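Letters A, B, C and D mark the chains in the order given here, with residues in each chain numbered from 1 onward.
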Amino acid sequence: MTSSKRLAIVAGAGPGLGDALLTRFAQGGYHAVGYSRRQRTSDPSIETRNLDLTDSDEVRAVTRELTDRHGPPAIVVHNPARLVRGPLLETPIAQFEEAWRSMALSAAILAHNVIPAMVQAGGGAFIVSGATASLRGGAKFSAFASAKFALRGLTQSLAREFQSSGIHVSHVILDGIIDSDASRVLHGRDPNTMMKPADIAQAYWQLAHQPSSAWTHELDLRPMSESF
Amino acid sequence: MTSSKRLAIVAGAGPGLGDALLTRFAQGGYHAVGYSRRQRTSDPSIETRNLDLTDSDEVRAVTRELTDRHGPPAIVVHNPARLVRGPLLETPIAQFEEAWRSMALSAAILAHNVIPAMVQAGGGAFIVSGATASLRGGAKFSAFASAKFALRGLTQSLAREFQSSGIHVSHVILDGIIDSDASRVLHGRDPNTMMKPADIAQAYWQLAHQPSSAWTHELDLRPMSESF
Amino acid sequence: MTSSKRLAIVAGAGPGLGDALLTRFAQGGYHAVGYSRRQRTSDPSIETRNLDLTDSDEVRAVTRELTDRHGPPAIVVHNPARLVRGPLLETPIAQFEEAWRSMALSAAILAHNVIPAMVQAGGGAFIVSGATASLRGGAKFSAFASAKFALRGLTQSLAREFQSSGIHVSHVILDGIIDSDASRVLHGRDPNTMMKPADIAQAYWQLAHQPSSAWTHELDLRPMSESF
Amino acid sequence: MTSSKRLAIVAGAGPGLGDALLTRFAQGGYHAVGYSRRQRTSDPSIETRNLDLTDSDEVRAVTRELTDRHGPPAIVVHNPARLVRGPLLETPIAQFEEAWRSMALSAAILAHNVIPAMVQAGGGAFIVSGATASLRGGAKFSAFASAKFALRGLTQSLAREFQSSGIHVSHVILDGIIDSDASRVLHGRDPNTMMKPADIAQAYWQLAHQPSSAWTHELDLRPMSESF
């Protein structure tokens, strides 16, 4: 027995963008579920599942259970972010692996576990959060850029493989710092120069609801104040 | 004395996308004006101005008159499309020039004539229609691709120069055939494999109304059935 | 009656790179001809033709005469450079046109006049000089970037149309300042931070002589000291 | 005590391109060493080391020993290729990991182990073999494209971090099938439509010897017969 609300999954649901996405989808009438390491309490239309996105078994078990209850997901967002920065020689090989597992491998695992049901249901949106480093490998970003490039390549392949099955796969280049309590402290920046999570979430909402005659595969988002 | 409705200009307002954009902006409460070579009758909230987009004097005169009446434009779309296709040696040099004048030079002229007032007003959206050929110069598209590349380079420069003045400059890659009576005849394609003008117009509408914390400079749009 | 030396044409043969290309080709055994506005005296294996590269008739007449004497060109380089820089509103529309005519239209004219003979001869290299602005439209580079983008789009189309006829079409991104008397004065830079014309010419030489199993369409060249 | 010949390392030295690179470097006067899983006998100026490129300890031990004997490497090529192809749902997660470890992580490990000595020596070339899939994630190439994108992002970061230390980092897009006994059988193609390993090796040789005033970071190589 499935609930009447359609399912929206946000994998990588930290404070900031993750929360804003869950809120936007819940407000829009979806049953919103965050895959996250931390607990999120307040809103009853938002559910949190604590799991390790790099563990196929965990992702499979939770996704199956949700799909059994709510039907195949209508929207899936891949959003884990783990900024790694440093000179090559101060970046242990283990950190390359960790960056790639958390940001790229986790997307392959997620796709494996949601796409079959979405294809069977005839459609859905799969949206991936990229970064400036998805397009440009800057100095001292070797681990991060490498992982974000990997994620972009994977996302393009998914788009080309599953577009004809009705799955709308998108890659969003987030080119700026996302406003949050943490980023205000960390970057010491004027909040007006940062991206507002709710504004980004609205762009994801629009992407997820584009009609199939005009789908976007890739777009960039940046604050007016961010040079590029 | 300015009217209460804000001004939206669509330069290159043929049937198909041009009309759909004017309709969308008019429905959204703008005073919509098409710069076009043909007359367009029906809707009182839509005005048509016959002018040659490659003639600076004409564009200046009409734009000044509109701005005097309606205030600086809130939205400007550059949308002239003139598909030129053929082997290099069957493409006269004059056709290279015509393609470039109609699709690239006209954008510089438009920018010259709308941007100062928009900057003074503190903002506005300037949206440019690109094509598959904006990113890839295919065989037998030398004149068209060259003009569309030129337009993209110009658009990027405008974005970087005027972003800090509050002008949101976007470039849309239209990667597919736009459904219209003409394209149904010309391409003989199933309408379901073509982009619906109203769907594209909705994407432009969303672009034009993105909050300044999350602006898109470039996105692609294609029908689900279009491989890429 | 054709001479025994094969013909190499450098269109846009100013001091700096143009001269270095002519010298390299002459040293390599070609009859090197510069299409240029200025006279160049010294070397008997280098010929200068004063002509306007944007004038089809002039380019046709000179090229025919050369081809009659030397056979179809084995190497053709398109190299006119005319840096235009300035805010949009201080860039007259005429300057957009001039930049495009001198850097993009001239390439279409050149291609029209050399490619038929090269195709008939079964091969040859057509190399185009691009710039940083061929890939990125920077603020205050609207006319220059637009022209250089146009040139890149055209070059891609030529590559795809004529590759199967044995014409090797390449686009070189020159990402740095080329050392010359003029640039030392103009930029006031340490010569060691600039590109040496002879080094660039050597890269063009290598491109022009790549075997047909491993052709490069696009490469970048920059000095070690130039960040990117 | 170091030998008089400078060291060139080819990591990923299979038959085909790996062998051709070793041969080219040996002919050019280098002491050429292949890091490979298989033995290679004949030529005394070519040495083979059997090691696992994804094992930091093995790479470190062998590289140190070589550096002790021959001095820091002048040329290092990263060349492991492991084509993985298949629909997403038939590509086990382990295969994503294997593709990434063999093609991307191995490059980070190699860089860690050769770059410090190269920086200390004041220079050298680090060349990475990319593929069509480094730029485009095609349908059914999700694991391969993801790994090749990762490698490209890493390579860009290395270029930007180490260029000012005199390390010339390049990424070569191999856009075609490389001729070998295996590929003739596997693809059943006319050898004339495939890239000759010796021709590719010559392009790498040229890259490795570009003067520092004109360095290429990225170029493509494809046979004349390969459309793109």
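In this section, contacts are C-beta pairs under 8 Å (C-beta built on N, C-alpha and C of every residue); 3 or more make two chains touch, one makes a residue touch a chain.
Only a predicted model underlies this, so the values are computations on that prediction, with no experimental measurement involved.
Novice: So which of A-B, A-D or B-C is the twin of C-D, meaning more than half of its contact pairs are the same residue numbers?
Specialist: Repeat of the C-D interface: A-B.
Novice: Working from the CA atoms, figure out how many degrees chain A turns to land on chain B, in steps of 5.
Specialist: Best-fit rotation on C-alpha atoms: 180 degrees.
Novice: How many angstrom between the C-alpha centroids of chain D and chain A?
Specialist: 33
Novice: For chain B versus chain D, what separation do you get between their C-alpha means, in angstrom?
Specialist: About 45 Å, centre to centre.
Novice: Return the residues of chain B touching two or more other chains; collapse runs of consecutive numbers into ranges.
Specialist: Residues 159-160.
Novice: Which word fits the touch map of the chains here: line, ring, star, complete or other?
Specialist: ring
Novice: So in the complex, which bits of chain B are touching chain C?
Specialist: Residues in contact with chain C: 56, 87-89, 93, 96-97, 100, 104-105, 108-109, 111-112, 115-116, 133-134, 136-143, 145-162.
Novice: Which residues of chain B touch chain A once you look at their complex with the stated criterion?
Specialist: Chain B reaches chain A through residues 159-160, 163-164, 166, 168, 179, 194-196, 199-200, 202-203, 206, 210-225, 227-228.
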